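Labels A, B, C and D are assigned to the chains in the order they are written; within every chain, residues are numbered from 1.
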Amino acid sequence: MSSSFGTLFKITTFGESHSAGVGVVVDGCPPGLVVHESDIRKQLDRRKPGQSPITTQRTEKDRITFFSGLEANRTLGTPLAMMVVNTDRRPGDYDDFRNVPRPSHADFTYQVKYGIRAKSGGGRASARETIGRVAAGALAEKFLADVWGIEIVAWVSAVGVISCPDMDMETVSRDQVDESMVRCPEKESSDKMIRAVETVKASGNSLGGVISCVCRKVPAGWGEPVFDKAEAKLAQAMLSIPAAKGFEIGSGFSGSRMTGLDHNDLFVRKNGRLGTLTNRSGGIQGGITNGEMIFFNVAFKPTATIGISQKTADFDGNPVDLVGKGRHDPCVVPRAVPIVESMAALVLADLALLQKSRM
Amino acid sequence: MSSSFGTLFKITTFGESHSAGVGVVVDGCPPGLVVHESDIRKQLDRRKPGQSPITTQRTEKDRITFFSGLEANRTLGTPLAMMVVNTDRRPGDYDDFRNVPRPSHADFTYQVKYGIRAKSGGGRASARETIGRVAAGALAEKFLADVWGIEIVAWVSAVGVISCPDMDMETVSRDQVDESMVRCPEKESSDKMIRAVETVKASGNSLGGVISCVCRKVPAGWGEPVFDKAEAKLAQAMLSIPAAKGFEIGSGFSGSRMTGLDHNDLFVRKNGRLGTLTNRSGGIQGGITNGEMIFFNVAFKPTATIGISQKTADFDGNPVDLVGKGRHDPCVVPRAVPIVESMAALVLADLALLQKSRM
Amino acid sequence: MSSSFGTLFKITTFGESHSAGVGVVVDGCPPGLVVHESDIRKQLDRRKPGQSPITTQRTEKDRITFFSGLEANRTLGTPLAMMVVNTDRRPGDYDDFRNVPRPSHADFTYQVKYGIRAKSGGGRASARETIGRVAAGALAEKFLADVWGIEIVAWVSAVGVISCPDMDMETVSRDQVDESMVRCPEKESSDKMIRAVETVKASGNSLGGVISCVCRKVPAGWGEPVFDKAEAKLAQAMLSIPAAKGFEIGSGFSGSRMTGLDHNDLFVRKNGRLGTLTNRSGGIQGGITNGEMIFFNVAFKPTATIGISQKTADFDGNPVDLVGKGRHDPCVVPRAVPIVESMAALVLADLALLQKSRM
Amino acid sequence: MSSSFGTLFKITTFGESHSAGVGVVVDGCPPGLVVHESDIRKQLDRRKPGQSPITTQRTEKDRITFFSGLEANRTLGTPLAMMVVNTDRRPGDYDDFRNVPRPSHADFTYQVKYGIRAKSGGGRASARETIGRVAAGALAEKFLADVWGIEIVAWVSAVGVISCPDMDMETVSRDQVDESMVRCPEKESSDKMIRAVETVKASGNSLGGVISCVCRKVPAGWGEPVFDKAEAKLAQAMLSIPAAKGFEIGSGFSGSRMTGLDHNDLFVRKNGRLGTLTNRSGGIQGGITNGEMIFFNVAFKPTATIGISQKTADFDGNPVDLVGKGRHDPCVVPRAVPIVESMAALVLADLALLQKSRM
């Protein structure tokens, strides 16, 4: 297990999907930050299941409790421990899976790695593990917003084969994103995506998708070459999210098809600072932020739990017909939006503190 | 700076492109490993410039010297320090760049971050920084091959808009890869790629591309959820390579367009172990290897240094016409192949030791 | 803040003396370990206040709750989060201290460092912070005992100027230690120490002391030169305990007064292994355990909180007469015994896993 | 192996006593620092053997080479690699030891831990390993002196049973220390110590001793509770030095014999800041520096290599008469003085950067 992330703004998450609770300890959060429970809750609410007809119907209150590090709504500079109690525990739903590793889940690999696994649910491989990340990420966002005015906005840019057009990254907002049940801020695409999700839901199938994210007002100078380059830590952060399969920064895979002349971001004077005319670099050059907007995409595979029979094998290799029974999302990307934002915030908060130590 | 990578098999690299040398200290390499200079040299040779007409003509001997940790060709379990002397130092080539940050290079961001930068060349942002990684990676590979028979093979699967068809990942070998000047093991695509590189080279322009990599015979059980999942560490490792813009594991971005029913890897008995019929997971489930082949793609942007005039700005924001003069690769991907393999080996060696501590 | 300790067996503690709770997340505890609440409780009970007339009368139930990582009393290999609720919160006791930094406490330094501090009590500098360490240490002890039969026993070897004679380190046991209210297993010294504590208690004064600790059955080969040598990590662990002022391993300071001829531990065949005739090394040579018993001493200063008026200054530098009011121990060493054992266990468990990764 | 130390000002050392060289990579040294080779050399010269009749006659030039990170005598913010070539390699001296583990050396434990060890000399357990520490420490000192005017002075306060009186910690200087061949700045004690060393040298025996160290002008607020408290990191740093057996901060072991009333450091206004009347805390309270002088003692055991026959056993447990042959110091403490200073500087530089990240 490696349940810690970050060097100075460091989080340690804990909790299985069916343990007493899931939570996080944030060590290194700067002191004197004003934090209210609502700052954390709003992102947890965006992450929680049961928000709309197209997410899992598992309802969770996801009410956060602070155990330490905060007094009179100010951070003390000491570790902040936060937890959400697991109230909706129905381990029975998963009993059938005991001898059958669910295809494309972590049941098999956890068993091999640890020689034991949680009796029910996906244990630490469950999406519920991300609650700690989102709580900590909301805190990191508060820090980034208060000190630098940083804004982080993620949205669903593809569901299955349906992609939305490029958004205006200067202006796209969480409000726009949340107007859509599927968290795609472009109405036409959103409608198509919702229909696509409804269709797979009806058949017990599932869909994947892509989340795009922009981070605005990030100062130049953040990122620690050569191994903790800003894009490298973002890549690690994003690929650590359950179901994530790909990451690209700036021009990404499509940039690999361009020539240098077309791809290079030429410098230009911009509001008193040196900026770039284009931003194919995605706000990062040589692993260090350059003052332009950071943007990236994260690919997610379709939900592995489906309601359709699958011809697979049990742990002993015997053929089995398996039909999923647990509650699940037909498409994970809408609920993964705040998780992507949170992981981005955690990366940036850590890089911010690292750069502060240099100045 | 964060010049260290790994928890137990840990490397620390050093050196600018025009300092006395570039090298690496490997701490945590298991003792008793048989290592010859040639084990390291063969990968360094594949990385070095001047290998073919389509790479940079900067010639480097890249001869590795061991300073410690090895006695009578056996590792002692103590830190191995290795260095390549920088023999071909021509700082004069870069003098023109002093006041002009090269577009899509790290000149600007290094200046902002550190308030100072190396007089010449790209400093730590130079491709030459990767020598230490390749030397350490070759050592990691030796360890992985000796103990588990692991094979890591990377190849160029795209140059600009030219992609090669899917290779047989069971059999593709470094010998096949090295038969091609552009390191694409499929003859027809290779020919097209070479022509494309020659064309951009002639015009002073450059191309990007994609490298694919397969890791065979990796045991099940490696990877440390939740933040050091195998794919998350691979993503960090790959995005830390200069010019890398994207990473995808297994089905990657294309997997995000599939349904769960089509995407799930069904289990099946396989040579006495539990395997999967398909491998869209890319050998990793829940962040832990499952015994299938690991495979992934890495996108690289086109070389930023080009021989065509660019209308950019100097550090003060004044418009400048800039023509690149330094020697450079018209396409970085052929030489990045051993770098991708090396970073993969470093990730796997570290995860291997981490899992050993558990058993 | 650096609230994490350990590389593979890693703990992260949280909680102020008057926050909702104090606890710990243990990441990297091996899976499959059988753990009952009583395994943890017995050490917490030895740490808690109010155990005897000579400790503070602040009564704490110190009941531990497991949040995660344990199922049917077996560790899952995932993070174990444990917490003790702070039930006896009387922040009012400390109101007088708001403008006066208590002498030889951390009030002043926390204020300078963080620009803010917990309203009441010592915050993270409070002895209550050690609950998380003791809970995690009890877990580490269980692991060490189950796998290697390791025994860790600490005792009070000095209170103020009263020292007890050398104990038989082969046999000294926790039962013997706990027979004494002051945790000194030698009856005559114990009696003297108790009287000494009663005397300072009556006058509102306080005493320091020394804790000795032996770790039996530790295998040879543990410890990570050159910076994480076994004695170096023990030293860090012990000096991180509140009020600790000194550490010595084996012959320690008195060894510095010997000659090499007298000090050297000669090798000899011992029950089929190579052992040493004497053990001035304290079981560690070159930073690595040698199979002999590890033993060390830790010095503790007298409790800083006293009931006698002190002429000190407030935060603005104005002279103040300060009389302590909070409940406090007249001598910290009896209750610090399980803390020393716990920190020793945490160091050894981590070194054990590190060495396992090498084999 | 754990050859790295520090979180932000991080060093990684390498090299055996008889490998090609010994050195260090310093990652995280702030950019723009002016460093000359002489800044490093002066401390290396104080560490090197052959300085006086009472140190080992092994002569080493210990000339440092910079490989990277420095340009025109300014640090670039990138890793600084430095190495001293091992010129005086006489592995033959140690051949007799191959089958006999030297008493109180690390031959036995390295063999057990790694299953292999360097053919000759003490490998990484050799005092020569400390060259990298001293080079890096000199760099750290330069940083601390340039930014805060910090002064670090260590001296020999005891050799065997001979102790020197308390020095004036406000004024004791390296010049005073270096006037004494044994590095004790008090003339009378120095003379006695020199005679004592000469006596044991004549008989082939050896002596231990104590080094005291003061750090002046350290700002308040440095140190990272709870596990990386300033005194905890100093303790780890000091106990990681070869032959160190004990550490005490401020009043240390003698403080454990005082009452709280006598021990507490009362606050008082001092040159416009809040200071303490006494300094039994040794400049650290609650793990954080308080603006007073930091001081501590480190105990060293007598040199294990002696020229007198010892009745010990070989690796198979067979009795052997062993007479040491390698060149050695009759007393290690004079040459350990710059090592203690260097490790103190490394701890402080790291804590400085950590605190800067918070401001």
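Please note the rule applied: contacts are C-beta pairs under 8 Å (C-beta built on N, C-alpha and C of every residue); 3 or more make two chains touch, one makes a residue touch a chain.
Because the structure is predicted, anything quoted here is derived from the model rather than measured.
Asker: What is the chain whose Cα centre is as far as it gets from that of chain B?
Answerer: Farthest chain from chain B, going by C-alpha centroids: C.
Asker: Write down the chain pair with more C-beta contact pairs when A-B is set against B-C.
Answerer: Taking the two pairs in turn, the one with more contacts turns out to be A-B.
Asker: Quick check: how many Å separate the C-alpha centres of chain A and chain D?
Answerer: Once rounded, the distance between the two centres reads 46 Å.
Asker: Whole-Å distance, chain A centre to chain C centre, using C-alpha means?
Answerer: 39
Asker: Could you give the separation in Å between the centres of chain A and chain B, each centre being the mean of its C-alpha atoms?
Answerer: About 26 Å, centre to centre.
Asker: What whole-number Å value describes the gap between the mean CA coordinates of chain B and chain C?
Answerer: 46
Asker: Multi-chain contacts in chain D: which residues touch at least two other chains?
Answerer: Within chain D, residues 1-4, 7, 13, 31, 77, 113-114, 124, 354, 358 contact more than one other chain.
Asker: Taking chains as nodes and touches as edges, what kind of graph is this: line, ring, star, complete or other?
Answerer: Chain contacts: complete, every pair touches.
Asker: Please output the residues of chain B touching chain A within their complex, sorted ascending.
Answerer: 1-5, 7, 13, 101, 103-106, 108-110, 112-114, 122, 124-125, 129, 158, 160-161, 200, 205-210, 220-229, 231-240, 242, 244-253, 255-269, 274, 276, 280-282, 284-291, 297, 299-306, 308, 310-315, 317-318, 354-355, 358
Asker: Which stretch or stretches of chain A touch chain D in the complex?
Answerer: 7-8, 30-31, 77, 353-354, 356-359
Asker: Quick check: in the complex, which residue numbers of chain A touch chain C?
Answerer: On the chain A side, the touching residues are 1-4, 10, 12-16, 19-23, 25, 27-28, 31-32, 65-69, 71-72, 74, 76-81, 83, 113-119, 123-124.
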